[in-house]
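This is the structure I have questions about; it appears just below.
Chain naming follows the written order as A, B and C, and within any one chain the residues start at number 1.
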Amino acid sequence: MEKYGVAASRYPTQFPRNQWYVAGLARDFGRVLQQRWLLDEPVCFYRREDGTPVALADRCIHRQMPLTLGRLKGDDVECGYHGILFAADGRARKVPSQKHVPDRCRVRAYPVVESGGLLWIWMGDADRADAASIPGHPWLDSPQWRVVGGTLHMNCRAQLLNENLLDLSHVSYLHPDSIGTDDVAEADVETEIEDRRVRVTRDMHDVMAPPAFEKVLGLSGRVDRKQVAEYFPPGFHVSHLDVKPAGATDESATFRHKAIHCITPERGKSAHYFWLLTRQYRIDDDEIDHLWLQAIPRVLEQDIVASEAIEEVLAAYEPEYPPEINIKVDAGPLAARRIIARMVAEESAEER
Amino acid sequence: MEKYGVAASRYPTQFPRNQWYVAGLARDFGRVLQQRWLLDEPVCFYRREDGTPVALADRCIHRQMPLTLGRLKGDDVECGYHGILFAADGRARKVPSQKHVPDRCRVRAYPVVESGGLLWIWMGDADRADAASIPGHPWLDSPQWRVVGGTLHMNCRAQLLNENLLDLSHVSYLHPDSIGTDDVAEADVETEIEDRRVRVTRDMHDVMAPPAFEKVLGLSGRVDRKQVAEYFPPGFHVSHLDVKPAGATDESATFRHKAIHCITPERGKSAHYFWLLTRQYRIDDDEIDHLWLQAIPRVLEQDIVASEAIEEVLAAYEPEYPPEINIKVDAGPLAARRIIARMVAEESAEER
Amino acid sequence: MEKYGVAASRYPTQFPRNQWYVAGLARDFGRVLQQRWLLDEPVCFYRREDGTPVALADRCIHRQMPLTLGRLKGDDVECGYHGILFAADGRARKVPSQKHVPDRCRVRAYPVVESGGLLWIWMGDADRADAASIPGHPWLDSPQWRVVGGTLHMNCRAQLLNENLLDLSHVSYLHPDSIGTDDVAEADVETEIEDRRVRVTRDMHDVMAPPAFEKVLGLSGRVDRKQVAEYFPPGFHVSHLDVKPAGATDESATFRHKAIHCITPERGKSAHYFWLLTRQYRIDDDEIDHLWLQAIPRVLEQDIVASEAIEEVLAAYEPEYPPEINIKVDAGPLAARRIIARMVAEESAEER
């Protein structure tokens, strides 16, 4: 591990492309053309008549017109400028005013997979896309877990959130009105770093319950609380959050949650933030859904406000970088930074 | 002609300066100082007491104060900062607080010509300005033609509109609610390319009338329709538009129009769009004026929306350029691109 | 002195850092964290419990979080992201989740001095800060002078205002509705240039009173009017303004003012403009306070509008610079430009 106090490597300036990213909640996409920028590319999303999701480069190969300004015709898209008709695999079917459809007249089709209520997209070489490499997420498809979720947007680089999620000591200071208490920052941390995963564990016994636990779970006073932040680069996070009355030994007294955070670079210094919260208790209780649907975006907005404020500082120093130091809790975030850098370097080496 | 499918030369990054551009509708200018940026230069427009139009560099040679923030005094302009008084030829008449008026104390005066209800400006070397090289526009001054017009603005490069106007196949897809039908895109096209003119002709017999023809002209069902798009680089377009009931042989049954489009680069990636529509029928009918004054800006705004969307895509790839292919209908647009590039190259060679 | 008509050296692109700048009116700062950018750096201001002002770099050394988004705890500031606690001297007292507080865990503390109702800040090497080098301003602390003031902001480079204030011929053209008459621009000017001061004097006898004098002072008709604009680089200006009925010999008939202008670069092409007006007459008359508090911002906003318009022109030509000439009244402004350039060059030489 990098030694504390040694100047951190900087934030990655690129993200790897031969990876699965979350393009949005599955429910965001339908029988309508929808533009979303991902990793600096405009993508046109829609569903075929049979519901299969489609992602095409959102710029006509002829004159860069966004296809999303055109028309959905069955499973095809007609460009709204000069009428070239593209099939869902990106090949042109028709070029008005000429009979020949050149083979090069096609737009890129991105591999997509719908799974766990999320739409996953592969931003790199389509031949290398393997759905098996999507990180597991069994609770998102299980009838024993209840899921709520939403979509947020950030005017800052994606990596700021990737690192935020790997140092949960921040909840003590950034979220004291909801999920933070002093205990979190002071808890011992265990960081496990693998090739394609970082895991940061805080196991807290007999600590104060934060305000949100009382409000949503009816838990006040002393609790046992375990946080495991798992990061699957480049942008998928699972925070395993278990809480129970302090010392309770009855397994059924534990409130289990998985908080899923999907951080996808958008354009330059902005990113998408798709979140889900699953729970294994009171799964038919709409009131709990409602409470989390209110509480979570408030918490995440605090993260976004902090990250955007940091982005503004960083931007003012570009292309230089202001001095920075690392502390003990940065082991996880710095590992994330190194993995991204390594992924980018590997891709770059392969292209050569 | 360039072969289809071969990568297009890119959009021109510069426009020639030793050319006449349209600075606006003549009625836009009066006894008031008015700023308009043209080809990345701020220009101060006004009329002398006798009505003659004047165009001066809109930055005082002393400290760059826009003259348009000063005062019109008779035929002169007084800078609103330190009071230097400039005559309509750009020479300083008075420098307050000193007796000597340095010869170098002058601002550039641009040659201007008022003709056809338009104000033409020469953005280059004044000695080379020759009003005879302004493209002809007899219908704009003729009592047999009735003119309506207006001013629009676009947040995209001028060339996007120059090319839009030379490939009218787009009306089928971008303007189906007004002037487009499928017939237009499918019609045979004849492209004539000269040194200083591009002409694209679509002669359509016995085709469906688009919605606007019924609304304005009372023409529905089958019509004969002829479009000739003429481009006089760098930014003057005349679309000759004739329409009559299908098969009508009586010349008086033809509705004749000239749609004049004047595309002038403004600043960086923005442009002015001045338009006029002249017609040779019902020239005293205010109702027809009113209908075209409503219909035309709606059509042109669709072109602007498309062009601005394309600009946004292009901007995201700069300084690189996304891949692009050409199709048959691009003969006219590509010729326009080459003429602009040649004009710029010739100017650059002359300066050396 | 530089000869008129010879191309001016350009505006300085940097300002010296080993200098005192005004950070604001003293009343702007209190027991709250407040961000202000100065010379392209974010600064966190607050007062200790005993009222002493503090200025810290407004970015946590850990991850660039603005400290102003944290919490004031006694005399210390707790970062709102990961809870590092900084003392008023910038040293960390506590790093949550670890016992060791690294020596490098500190933020920069800027020397500040509160004097004359202003907060002065030293943006360079703290060891070289000497309060004795702050320009004198006895009237700001004297019971015989009454002070009103305010804070303005400009979207243009600071130097535009530094030069505006050294060529008061502009009041005739930019402020004719308040403090300008033709006499000002036409008055003889005496310019004295020292190493660290520029003084421009206009002594006007038997001239017309401008509108503001009648409104505020009850002085109309002919007056004797003396303007001495003193500039203490890099950004402190004292305009000594005396006015009396023309020919009056009774000293008590003179209305004496000192207009204090503090121009401090903010970020890139923007600046702070802090102003004070002191007077030596009717010092207990709130109505006079009120009249000046209304009149002065209106005048200064005219300067800002002009400067911002010039900035827009300059920006369009960057990195080039449009042609420019100097005239007689520019002796003071050009001297200011040279002093700034010299200060920057000296600092740069010292650093080598």
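In this text, contacts are C-beta pairs under 8 Å (C-beta built on N, C-alpha and C of every residue); 3 or more make two chains touch, one makes a residue touch a chain.
Fair warning: this is a prediction, and the values are worked out from it, not measured in the lab.
At the interface between chain A and chain C, two copies of one sequence, fewer than half of the residue numbers in use are shared by both copies. Put simply, chain B has to spin 120° for its C-alpha atoms to lie on chain C, with the angle rounded to a multiple of 5. For this pair, chain A with chain C, the centres built from the Cα atoms lie 46 Å apart. Along chain A, no residue makes contact with two or more other chains.
On the chain B side of its complex with chain A, the touching residues are 4-5, 163, 167, 169-170, 172-174, 182, 185-187, 189, 305-306, 309-310, 313-314, 316, 322-329.
Residues of chain B that touch chain C in their complex: 37, 40, 42, 58-59, 61-66, 69-70, 78-84, 95-98, 100, 102, 104-105, 267.
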